[in-house]
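In the two complexes below, chain A is the common chain; its partner is chain B in one and chain C in the other.
So, the complex of A and B:
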């Protein structure tokens, strides 16, 4: 059976109450689901013996600026067993700007989530060490949001104290 | 000590100390010490800052701090056309800029649905492999220098210099090359450049063997790195190791083989794998990979077809300059692409190549405009540094430089 069909079938069998939205664009499979179920879906994808998505390549987010669900958190995971890359997506709204952390599933997601938090201000619940990745700790903006100007905000980064 | 601690942000100290215990910093420092290493330290290969918690000379915790070279390339990419971003990819992994160029243009080509002519693809393979050789040469030389074997650095840099001379002929620049273009490469590889590549790989293996002999028979070097910084295969996968580092831990994962891009499926090469997962194994993997790269370059030179090196598709790719000056249509397209950029259809792609340090991926989201709506750079060094706190614990402070050197992080790439 095709690996894409297998992934979708397994997901539908194991999570009958979750509404999965699938996109297959340029031979890359994307699965979208509500953000509440992110940890259990990821845990299943990693632990299922036929799938074994052992490697979390990347965690990031997209800021859609004017859409109702403003952010989409994107995960790229990879299965060595099937030589297959899967993209997971979950929408996050600005009013409740948080999603559960997947560091309990893949430890490697730790820094990726910190970077996403730093750049977009999305909080990852149950993350063990949610500090900023690149920007100084007392910086109050999130630079990759679309409303942050390219030029930066003058005076937003204080000069080091002497 | 007090004055030093004031320079470290309280949150870093909190991450460094065990959070379950509520000991204050003053209590914890009775037998222990907090040592700040970097960002200005020659052995951190750039501006990596490590805050180490020491018990005597043993590391018991480590918190890496990044961001000293953060230039916001992802933000810049969202505000410029796909063409304009090519020179910026040079500054990611500045030891192998050619490979980054190739990674970026391949991602854009996938998004725009175009494919470069065969000769361009072979040239790209050649430069990507030569870039891997230069990168590993620097990695091994700097690694040996960090643990005290200075001569090797001079010898490996001498070899690297020859490749930089090839870049000079090929594209006119030695460091920041910007040679690849969307739909091909900037100009055809000149016969003298190809002749020089051939000359280089013919003499390279012998010179590499000399460098290797210098290190492999050096007892001080071997004893300082053997068994140091070991990590198991499972942990390495979980924490996101890629590239030579994961192959040193026993996983034969190489994107050139797993998901062949360019023409790697037509090339015969081996993937060197070691199982120890320590600094010595990472060094051996890099040595073997350079030999494999020369093998690939030799095949590429043999198989390289004649023909165009830039796709002739004026609506998607910048036309040749000669045609721009002589034909009306091409002039219009040139004007449109320069001013508004190529407009790939709305959609998203993730494309990764096997860069010198590991998996270099670009995630692009297009809304059908001339600039990407979102660009994420999945840089290998960023994820490789993440493993440091795990493997540093329990080692002596003098092993820290050896372990950083063996992982080979490049801060331009880790900080983006």
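So, the complex of A and C:
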């Protein structure tokens, strides 16, 4: 059986009540699901012996600016066993700008979630150490949001005196 | 040949103390290699036998600001790095000079963005701006020669009452 079909079949068998949306573009499989189920889906994908997505390559987000669900959190995960990459997506709205952390599944997602929090302001629930990754701790903005000006906000980061 | 041919048998010459001090100062400029990004590679090339900064008496690149009088800021200075650069500059003893090496330090360069300082002259007194991305090693030598010219024009008394800066204790980010 094709690995793509296997992933989709297993997901549908184990989570009959979740509505999965799948996109197969350029031979890359993307699975989209509601954000509430992110931890249990990730946990299943990692622990299932036929799939074994052991490696969380990346956690990032997309800011759609004017869309109803403003953000999409994106996970890229990899299975060494099947030599297969899978992309997971979950929509997050600005009014409830949070999603459950997957650090309980992949410890390596820790810093990537911190980066996503720093750049987009999406909070990761149950994260052990959700501090900013790049910007100063007292910085008030999230630079990769579409409404953040490219040159930044003047005076928001202090420079030493001449 | 050298100086001895000018001295003939007498063995002395006259000069001004200012000129002698300036000559000594400009012939032994010790750089603080503030290598932050890719310009640092070209700065390292200046130390190799081909370009050989030792010809100008500036081969002593030690990573301690306390023994340096020229800061070569080589690379992109971000807002996060700026307090560090400033702190190291403040630790250098007077008199001291600064070369802003490359487009990034001089103007922000290609990084026209929120995280990069658009020119280090916003927080450092720069003596020489160096164009290039990165500048070639001979270009850095040219900047050093310009700094030497500038030092050669100084008088010892210029620095007599130089005020040492108050070290600013910045909170760590």
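Observations on the structure shown:
Here is the rule we use: the second predicted complex is superposed on the first by the 158 of 162 C-alpha atoms of A that agree within 3 Å, B and C clash if a C-alpha of one lies under 4 Å from a C-alpha of the other, contacts with A are read in each partner's own complex, and residues count from 1 in each chain.
Rule of thumb we're sticking to: a residue touches a chain if its C-beta (ideal position, glycine included) is under 8 Å from a C-beta of that chain, and two chains touch if they have at least 3 such contacts.
Keep in mind it's a predicted model, so treat the numbers as computed, not measured.
Legend: residue contacts after superposition of the two complexes on their common chain; A:18 is shown touching neither chain B nor chain C. Of the two partner chains, chain B and chain C are each touched by A:150. Touch criterion met: A:137 reaches chain B and chain C at once. Once the two complexes are overlaid on the shared chain, A:56 sits against chain B while remaining clear of chain C. Once chain A of one complex is fitted onto chain A of the other, the partner contacts of A:8 are absent, as it touches neither chain B nor chain C. In the superposition on chain A, A:159 makes contact with chain C only, not with chain B. Comparing the two complexes, residues 134, 136-137, 143, 148, 150 of chain A contact chain B in one case and chain C in the other. Partner chain B is touched in their complex by these residues of chain A: 25-26, 28, 30, 54-58, 60, 62-63, 74, 76, 80, 83, 85, 87, 106-108, 110-112, 115, 119, 129, 131-137, 143-144, 148, 150. Put simply, chain A touches chain C in their complex at residues 134, 136-137, 143, 148-153, 157, 159-162.
Only residues 9, 11-12, 15, 66-67, 70, 72, 74-76, 79, 110, 113, 237-240, 251, 253, 258-259, 347-350, 352, 359, 361, 363, 365, 373-374, 376, 378, 382-383, 386, 415-416 of chain B touch chain A when the two sit together in their complex. Interface residues of chain C, counted against chain A in their complex, comprise 79-80, 82-83, 86-87, 112-115, 117, 122-125, 168, 170, 173.
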